[in-house]
Each structure stands twice: as structure tokens, then as C-alpha cells.
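There are two complexes below, and they share subunit A, which is joined by subunit B in the first and by subunit C in the second.
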Partner chain A sequence: MSVMTVQSLTLKIDGKDVSCQAGQTILEVAREHDIEIPTLCWLDGLTLWGGCRLCVVEVAGSPKLFAACGTACAEGMEVTTNSERLQKYRKTIVEMLFSERNHVCAVCVSNGHCELQSMAQKLGVNHVHLPYRYPKLTVDSSNDRFRLDHNRCILCTRCVRVCGEIEGAHTKDVKGRGINSQIINDLDQPWGESETCTGCAKCVHVCPTGALTERGTAVAEMNKKRQFLPYLTLMRENDK
Partner chain B sequence: MGKTITIEGVTRIEGHARISIQVDDKGKVQDAQFHVTQFRGFEKFVEGRPYPEMPSVMARICGICPVSHLMASAKACDDLMAVEVPETGVKLRKLMNLAQLVQSHALSFFHLSSPDLIFGMDGDPKLRNIFGLINKRPEFAKDGVLLRKFGQEIIALLGGKKIHPAWVVPGGVSAPLTAEKRETILASIPDALARAQRGLESFHEVAEKFPQEEEVFANFPTMFAGLVTPSGGLEHYDGTMRFVDENAKTVAEFSNPKFYSDFIGEAVENFSYLKFPYFKPKGYPEGIYRVGPLARLVVAERCGTPLADQELASFRAKLGRAPQSSFHYHWARLIEILYGIETIKKLLEDPNILDTRVRSRARPNRLEGVGISEAPRGTLIHHYKIDDNGQMRWANLIIATGHNNLAMNRGVRQVAERFVNGHRLNEGMLNRVEAVIRCFDPCLSCSTHALGQMPMHIELRGPGGELFDELRRS
Partner chain C sequence: MTPEELQTLAARGQEKFAHYKHVLNVCMESGCVSSRSDTVADALDKEIAKRGAKEQICIKRVGCLCSCAQGPMVSQDDGKVLYKEVKAEDAGAILDAVGSKPVSRLQMPADHPFFTKQLRVVREHAGKFDPEDLEDSIRVGAYHGLMKVLTQMTPAEVIAEITTSGLRGRGGAGFPTGLKWSTVAKAGNPTKYIVCNGDEGDPGAFMDRSVMEGDPHRVLEGMAIAAYAVGAQKGVIYVRAEYPLAVKRLTRAINQATRQELLGANILGTKFGFTVEIRLGAGAFVCGEETALLASIEGRRGLPRPRPPFPANSGLYNCPTLINNVETFANIAPIINKGGAWFSKIGTAKSKGTKLFALTGKIVNTGLIEVPMGISLREIIFDMGGGIPDGRKFKAVQTGGPSGGCIPEKHLDIPVDYESLASVGSIMGSGGMIVMDDTSNMVDVARFFMDFCASESCGKCVPCRVGTYHMHEILRRINDGEGTSADLMLLRELCDTVKTTSLCGLGQTAPNPVLSTLRYFEQEYLDLISRAEATRAAAGDGHSKKAAGTTGLEVTL
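The block that comes next holds the complex of A and B.
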């Protein structure tokens, strides 16, 4: 009988010696050691997406930046999670998110409960130095209970992943390419006409911004509840 | 060929405006206009947005009277949902609306208008502002500042912040009042009442000194309009919309807001971004009417609170049932401050003001809704149309200052005819032209609120462009 052994690795994150198992990502290991790396598209319990790039880190010996969420740790690696360069890039990423669509915090239903807003505050984004694009985007209120506001979407695809991976409905997906991508329901139908949506509201509650919300909420009233996700993920792990 | 005098940047009002006066070769005033020079676009850019966002979006129209827009907007949304707001929800909304009335009136009277009254219309412009006031009459200025604080603190206690609270929502308010907050507000009432009474006393000391201004500050017969309670009392939140003639005789009334467009038409003039509402049955511009504190005291039979009614009695004994001079807006405003503080106390002493059922919930059940309330400066109307999914298709807003637009323009002309001599310009004369506007406490946007002096430059040029006279204020 062969016993599978897991290889242990040692590396340095922000000068701190840490050890982990082979296959673990920089983000996982950093968080295990209370080293904070900002993320937006990442959500514990969902698969890796690597879209927002806020978790970029520096690795000694390489001039390029690595997304901590999708980079496996390697033996002897020296990772820097916070530097002037990284701060500048992260701020620019958030500024780009704000300039890309129409985020109007003051009158948003998610004001005060928004991950994009709190990320901007945390990173010290007090101005957007890029020209706003002001795209003309629609709001889909055809669903009886929920609303999809493309103006507030940052294309993190948490909704797509939770719908496919956890609920198993795969109502949500992405259409288009690049900056013109948009979240869709079924085959780009009004949400209210979707035949696959189970109305579970998971997409609404994992959405980091005011893009997916409950109808009837007034400004600043949309408070997302995410406790369900680690619980459901744990149940699934136990079933395996 | 005549000349045009321009007052660029009218000061101590809320928003941006310009006044132009045309004089003929002999220096006689031919015409005058009050130009509102800013464009906002709220009616257009809300199209497509979900209606529950409207109260907070519309509140952004103004930083001084956001609560008024919260009220009218939330009422239009209640109408879209076809719900009855719980009794306590209504009372709490009224509470916030009155707090706003007190703070806004205090700002208008003490901060913006009283420098003209204390220092005189010809007073040194360097002193004739809130800072001059603080030096000359520190106690008086302090009363004004603290009365404003009284109102703002109530708004903050109820809504979480002083400006643009999100607490007023379609169907009611988002959180009930706590006993602790009620006590805090109740404790501040005696002090506020005393300050308001002192303000009235100070006003009476100086008001007599302005017979000329009283005579020509938009002093002409017009209709008046405003909300009244079902029994004809003073009202700021709900009730019947009443139009009266220059003798305070009722001309028209409607209690369902949706009928507003049967009575109010909106005319457009190419010299201003502000529309000119008029009383439809009389046509334009004959259908001129006034709104705001003076108009409310004319349309209402009584205030309904002891101190305010006592003051209203002497107001009517002195000026008659329907005073026509807009100079009396100041006195009316002070009476309303008294009424506001007294009514806040009454509302807080109501046994069910702490009830926790303060919000009704519903889907939109109508495709069209109208809300009417009284802003400090007059009647405010929000009218929305939505699609089947609750998204805005169309909006029409008639702002309090709009109703007074015809009267303000005519008032500017009246003052100019009396005081402006086209061959010579002086500060006191131009200040009077501005001061008549301040009587109406116009809220031209409040997003850019000017306090004290803005640079003003007036040139008087002859037909060939030659400079006759020039006046600078910087």
C-alpha cells in the first residue's frame, strides 16, 4: 500500500518565513498567515477566476507581477504583497473599474455595503484620474424579485460561478469580449423570462456591488448576506 | 436705443442667477429680467433608473432643502405603489420636514436676508453679510446659527446625517424613532423657541425702517397657492392644494395631487432656464401666483399652534388678511419657524410616535404617481411615470421657486423702476434689486450656495458701447 505524501514548501512572504503544502496559492498561504492581499473577484468557495488583478504581488527575481490568487507557491519563493508599485497598480485598477461604467455611490442601493466602494476607501482612491466612459447601459428589472444593473457591474463573474458551481443552474454567463462584456441570463434573455433561474438569490448575495440587488430596496438598503457560501462549500467537501 | 444693466452673480441667494435691467435713453427702466443660468437635467437623467432610488436621487437637487425633495419624491413613489404609509411613518416624515423648514427659514432670514435689515439696504457691503452681523449683533447671529443647528440636528438624529439622509423611502421611513432621540429633541425645544421669539423681536425693531421697500418689493396683487389641512389650517406635508385670489378668497382646490396639471401650466421664456408656472384657468402670464411662507399664511385660515397663531393675529391685524408686498415674506417666515418648533413638540408628544411600524411595502401598482409637499420656499411637485418593471420612463418636477418666477421677475422690475436711475449706479440701488429676490428665498439649485459676497461687476454702457458708469464689488 502506498501512502500519498504531500510535499511541504517553505517561502518568504513580506520577509516572513512561512511553510505550506505544494499546490497552495500565494493568496491562500498569505491569508493563512494573516497577511492581507486585496481581492474583488475572488470569493472563498468559488473557483478561481483571476479577473480583477487586485491581488498582484511581486516575486523576487521576476520583473513581472503575479496574481496571488492563481499563482502556486514554490520552494524558496520571496513574495512581496505590498510596495509602492503594487499600491499604484491596485489604485489604478480600482480607478479603471470606476471609469469603465456608471458607479454613482451616493444614490446606489449598495452604498455603504459595497466591496468596490470599501476597496476604494481602503486603497485611498480619492480621485479617478482616467476619463469616465459613461456607457449607456440598461437595467434589467424583469425578474419579479431581483434586479441586474449593468451600470454597477465590475464583471467579477462571482454570479456566474455561484450559479453554475453551487446552485447548478448556470443561468448566468458572460457575453461579448473585453470592455464590452456583459452578464447575461440564459441566452441573453430578460431575467424574468429565464427558464433555468431557480430564484435562489445566491448571485445577488455574492455580487460585490449594486449590480445584482433585491427589488424594492431604496438607496443604501441592499446589505448582502454571504454566510451561506462557506457552509454550502463545506457540506459539499464532506460529501466527497 | 437703450442700455442694459447686468447684475452678474446675484448674491446671498441659493444658486446662481443674473439680473438684467433695460433702460431707455432717458435712463428710465423699460424692462427687467431675473435669469436663472444653471441647467441641471434631473428630469432627463433619471429615465431608466428604478423608482425606489428616486427619493435619494432627487434629494441631490439641493443641499439646503434635500428633505423637501425626499418628501415630494417619496410621496410620488407611495402613489406609484398605491400604499398607505403607516400613521407613525407619516408623523416621522412630518417631523423631518418641519425640522428642515426651521433650519432653512433660519438660514434665509438670519444668514442671507437680515444683513440687509440690520445694516440697511445702503449699508457698507463689506459689513452687510453674516460676518458683519456676527460682529455687530453677536447674540442675534448666534440665535440664527443655533436655530439652524436645531433643525439640522433633528434631521441627523432621524436620518443619520444632516444632508441627503436616505431615511425617507417609498412607503414610509426606514427606521423608527427611539425614546432616547425623542428626549434629546424635546430637550432642545425651549431653547429653540426662545431664539425664534427673540428673532421676531429683532425683526420688529427694524422692520419699520423699510417703508419704501415694503411699497415696491414685489408689491402687486396676485393669487397665492399652498397646501392646507382638510380644515383649512397651515400644512407642509399633505393635504389640499388651494389657490386663492388677492383677497384670500378660494379660487380653486384639489386634494388628489394628480390633478395638478389641470391647474398649473408651465411656460418657457428664452431668457431663463427656470420655467414659469401659471394658474391655467387664467392663462399666461395673467395666472401669476405666489407660493412660500407668505402665500401659506394667506391660503391657510390659521396655524394651529398657540404662539404662531398669536403672531399670525398681529400679522393680520397690521397687514390685512392677504398682504401683497413680498417684503412680508420675512415676517411670515419667522411665524413659520415658531409654528415648526411648536408642531415638532406636538408630534414628539404624540403617544404613538415611537411605534415601530413605519413602512409599508409593495410593488409598483400604478404606472403614474404624483407627490406634492411644501418646501420651505413653497409648493413642490414631483410627477413620475414608470414602466411595468418599475423603471422611470418620465419625470416632471415643479420646484417651489418656479411658481414664484413670474412674481420675482415682476418684482425686480418694480424695484428697478423705483430705485434705478440709468445715468448713475450705486450699491444700495443694486442691492435692493437683489434684496427683492431674497424675500422669495429662491433655491436655484443650492448645489452651489453662495454666502456673503460674490464678485459683481456692473457696467452701464451707452448705445455705442461707451462706458457711462461702472461698479465693482469683489
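The block that comes next holds the complex of A and C.
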């Protein structure tokens, strides 16, 4: 019987020599080595989405940018994660998100513990130079325990993925396309009338912004509790 | 069916038509059918029956006769005489003229460069046989390439032949076909798929539709040869539902071929088996992107996903999948029949063979043309296309649809090949060619294409979803006389971000129409902006976002 061997590779990330196993992504390896690459749609334990484009990095020898979340490491690769050019693109992308819907931090229930807000702070987005769209969007408060506020949604689809992949309910999905895309419950019914929603709250706790929240009054109640995800992922891997 | 039977069938087809003194071909593709070529064919049939000439003259319902804007087209004796804009009432006159002087009021010069400068490889038989008749298709050579491959060649030899030919993907990006095939052939999985991309979505493009409607068996043959070469068992043709006639003809062709064992478990009596099914696209442009197309076939939302893994390694149902465009598959049979070396003699050093173009817009001769790679844009537009109508001046030609760019007069002498078109800021694309005259407003052209991209963006990645929206808004503002110079700066910045950071080809190429018009027609943007600024200054309100019309006066209702 032959023993499966996993090939190991060495590469450079931001000038630092690092080693990894074949098949690991740039993002995984960077995080293992405490190199920060910003992400919004990516979440450990959920499938790859590749939609926020914040994790784009430069690879020496290619004029193109690569999304670190979905690009596997290769032997001898030289990765730059934080050049001036990358910072500029990332800032523009975050500004695009702010301009797309009504992200009014001051009156948002997630103010202070929102990933979009902290991302903007981290990247130094102190103003938005794109015109705001101010779309008229609804808030779904039909559910007794949760609230879906489309004004704060960045369409990262973490909720869609956790609902389908981890909870197995597939209550959440996306309707429409392009700028008109919107998160829906079942076949675009009020959340409170959903027959498939198990009320597990996983979607709420993976949501990076104030789009999905538990109904409550205290600030502390709005903190996202995400510990279940690595635990469930580990359980699932052990089951294999 | 055995190889011998195929040859017998071909001979029988020859015989079937040999005794006719004359053949009248009526175009039955979407363009001509929409101007009622079906009634013309019926009228000709009736008239022949009335005259008792059924054994002398044959009426055939055939594929495209090229001059689409002047349909219904009728061709006598394989293009010796061509008639345009034929009506059912003309049946008698056309039949009277058979064997004598053609009807001059309907006649088109068959020796016009529009026809003579074409080089037909993909469409070598189109317009000369009935695509709904398997016997007639086999008569002109259908499935002979497949027979040759199955009886005389190994899969490796087939791939070598395609590699020698230098054929590159006709979907737009121009990836070497031989290399793609060998990657799929080397992939380890025993289950593999062949996918034909017939989701032609560029505004103004109809090349693939014409191939599917005019010669469906050739597409199936190309797919079967590919399946043999890479070791696939199943094929899927993804056609947009807006092409009902193509779907009908392909379905019919699949049924005919399956009945005759040209598709199925034991093709031509060999152990090789291959089946094909059709999937309909529901009209999303992004489904022409290969990973979105695969998701759509699997029954999921048509969204692209990051590559790698490439479909060649992990495609349909996670199996190795070969995806080629309709026109690419239609190039396979002639390469096998005549050899890769023959094919590689056509075209330029890096772009081999011919290319189909849908010539549309402000041009005298609109229609479908097949030209050798390396021909200049000037030859296409001025010699073949007959130049610009109404004595107007040429301004630009748009190639590559919403992913392409506008090419001005000064670059008309570049050869048409993948690299040259890219060097002037456009792309080959799938083959749409829209000619514009000096009445065209280039800012509006850019706005039109951006409107298309924004409404076709799937919404998965942020730069494409939000960036195309903002770019369209800016272009609309500039075009409506509400633009500012800051808008122009922002537009350039957004072009760069969307192009560089988008997930798939749609977003990565969406800024191209803007970038190319900015490159060649920047003055038009500047003129519109300075006029808008002057208007605002005259209105005494430099900050008002709303331009107050040309009079500079706000009207209060």
C-alpha cells in the first residue's frame, strides 16, 4: 500500500519566506503566518465565493491580480499583499459598497461591531468619492426573532452559504441580478412566513454587517457569535 | 451505420439531386424567414407543381446566403444567379427565368466583392443543402471527418492534427484549441464532457446562430470528433432560448444522427459512443462565460466562479470538460478532412483559418461574411461592405461587442487577427462588427454598451456590480449634458478598478468600449462636458447637478 504524501512548497509572501502544503490557498498561508489580507465574503468553514475582491494580491511575473482566497500557492511564487496599487483598489471597492446601499453607521444597530465599518477604518476610507445611490430598500421585520435590513446588505452571501451548506435548510438565496440583486427567504416570502427556516440564527451570526440581526435592544446583543462555525466544520471533517 | 453505408448514403444523395437540371435554393435562416422566405419557397413549390416541372427543377430550403438585410434571398444553381428581396408573387418570374436571362429587377451581382472576397471553411457548404435533411447533409460531406477519425486515426493523432492547424478558440479569447483538447485528454477522470457554447449574446452578433441553423450536423460532427480525441462520452449544446430555429434544427439533427448511429452507443459500427443533449439558456449574457455556463447546465444560478480550477480539469459535475464555441467546433471537420497543414496556410502567423463576422450598422451590405484572418478592416468595410450609405463619412467600427472597442479610421488598415485587434484596444470577440458613420455620438455608444454590461452583470462581485452601475450613470450624465470634468476622472478610475479586480471576463472587459472611445474620441467627451459647464455657468448655478436644458432657464411648472 502506498502512503499518500502531501507535497510541501515554499514561496515568498511580502518578502517573507514561508512554506505550505500543496493545495493551500495564498489566503490560508498568509493567515497562518500572520500576514493580514482583507476579506469580506470569505469565511472559514464556508465554500469559496470570490465576490468581494478585497483579497486581490500581486504575483510577481503576472500583470493580473489574483484573489488570495481562491488562488493556490505554487512553488517559488512571490506574492505581494499590500502595495500602494492594491490599497487603492481595495479602498475603491469598499467605497463602492458604501455607495451601493444605505450604510448609515450612526444609526445602525451594528455600529461598532460591523466588518464593513472596521474594514473602512483599517483601509483608511475616510470619505466616499463615489456618488451615493440612495436606493429605496425594505426592512423585513416579519420574523419574531430576526430582522433582515436590505439597506445594510453587501451581498457577500455568507448567509446563503451557511444556510445551505451548514444548516442544510437553504432558506436564503439571491434574487435578481447585478445592482438589483437581493437576499430572499424561500421564494421571496416574508421571513416570518418561511416554512423552511429552522430559526437557527446561523445566518445572523455570519453576517458581517447590520443586514441580519437578532431583534434586541442592548448593544451587546448585536455582537455576532460565530464560534459555532469552526466547531461544526471540524466535526464535519472528523466525520469524513 | 457502417462507414460503407455512409458512403452509400452520400452517393445516394448525389444521385437524388443529379437529375435535376436546375436547383433553386431559398434561404431558411432566421433573417430571411423573418421576411417570409417560407412563403417564397411554398410559392415556388406550388408554381413548379402547376407547371409540371417537378423533375427538372428542385426547390431547396437551405442555410444562410449571406446578404441578410436583403432577404428573402434565393440562389439559382449554387450561387450562379442570386436574387434579393424576393416575394411570393415573384415565383412565376423566377421560374420563367430559369435557363434563360435572370430577372434583372431582383438580381444581385454574384460577382460582388461581398461574395467573392469571402473564403468559406466553416460555411463551405452552407446555402447549398437542406440542413434539415440528413441525406443532403451527408451528400455535401457531413460525418466524413468523423468516419476518417474513427477508422484511421488515434485520439492523439486527432489532437496533433488540430494543434498543427493552429486553430484558436472562436468565442473571443483565442485560446489554442489543440492545447485545450490535450489538457482535457490528459485529465485523469474517466467521465468527461464536451460542451458547445451556443450562448451568443453580443448585441448585433449572429454568426453562431447561422452555423447552428445552416449546418447543425457539422457542429455535432465537430463535437463527436472532440469527444473521441479527449475521451468524452457525453456532450451538451448550450443554446440561448432566443434562437428557436437553431434549437429546432439542432434537435432534429441530433434525432436524425442518433437514428442513423452517427451519435449514440456504437457510432459508425465502432465501439466509440457519444450522446448529445441540448440545454436552453434563459437569456443571461454572463452564461456565455464558461464557468457560469456550466453552473447553468447543472441547474444552478448562472454565476461565474474563480478559476482555477479550469473546466478542463474540473468542469461539468466536477468532471474534466471541454468547452468550445459553435464556430470552433464547426472548424473541426474541414481540418480533419483536409489536414491541419492545409488549414494553417490560411490566415496570419498567429491567427489561422477564417473568421465569421456579422457585418451590421451603417453599411451598404449588411450580412454574414466569412473571411480569411489577416484581411484588413478597410477591405471588409469598403470593398465587401460597400462603404457607408447616404454619402456619409465612416467614423468607427465596433468589434467584439460589449467586451470590445471602437476602432477609428486611422487603424482601418490593420489586419484582422487576435493580436492586431487587441493592440488597437479592441478584441476579436465572437465576430460582431458594427459600423458607425459620422452621425454617431461616441459617448452614447459607450453609454449603450455600459448599459448592457450593467444590466447583464450577475451581481456576484462588487467591482462589476457597483462599478458598471456608476460608470453607466457617469456616461449618462455626460451624454445628457450634465457632466463635469471630475466625472471624467472618476470614469477613468472606475474603468481601471473594474477591469483589474472583477471576477470574470464580463467585468474585466466591460470598460473596453469606454476606454477605446476615450482613447480615440476623447474630444467628444470634452466637448459635451465643456458645453454642460458653459450652460451651468450661464444659468448662474455652477453647483446645480441638474443642467437646465439648452436655454439655460429653469422652467417652473
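What to note about this one:
As a convention for this text, the second predicted complex is superposed on the first by the 234 of 240 C-alpha atoms of A that agree within 3 Å, B and C clash if a C-alpha of one lies under 4 Å from a C-alpha of the other, contacts with A are read in each partner's own complex, and residues count from 1 in each chain.
Just so it is clear, a contact is a pair of C-beta atoms (placed from the backbone, for glycine too) under 8 Å apart; a residue touches a chain by one contact, two chains touch by 3 or more.
Remember, predicted model here, so these are calculated numbers, not experimental data.
Contacts of A:E165 after superposition: neither subunit B nor subunit C is touched.
When both complexes are overlaid on chain A, the residue A:D14 reaches neither subunit B nor subunit C. More subunit A residues lie in contact with C than with the other chain of the pair subunit B and subunit C. By the touch criterion defined above, A:E214 reaches neither subunit B nor subunit C.
By the touch criterion stated above, A:L65 is placed in contact with subunit C alone, subunit B being left untouched. When the two structures are aligned on the shared chain, A:E28 is found in touch with neither subunit B nor subunit C. Shared-chain residue A:V56: touches subunit C; no touch with subunit B. Subunit A residues in contact with subunit B (one complex) as well as with subunit C (other complex) do not exist.
Residue ranges on subunit B touching subunit A, taken from their complex, read 48-50, 52-53, 55-57, 60, 164, 166, 169-170, 174, 361, 363, 389-391. Of all the residues in subunit C, the ones that touch subunit A in their complex are 284, 286, 301, 305-306, 308, 454-463, 465-470, 473, 490, 493-494, 497, 500-503. Listed in rising order, the residues of subunit A touching subunit B in the complex are 106-107, 109, 111, 138-139, 141-142, 147, 149, 192, 215-221.
On the subunit A side of its complex with subunit C, the touching residues are 48-53, 56, 64-65, 67, 69-72, 89, 92-93, 96-97, 99-100, 129-131, 133, 154-155, 173-174, 176-181.
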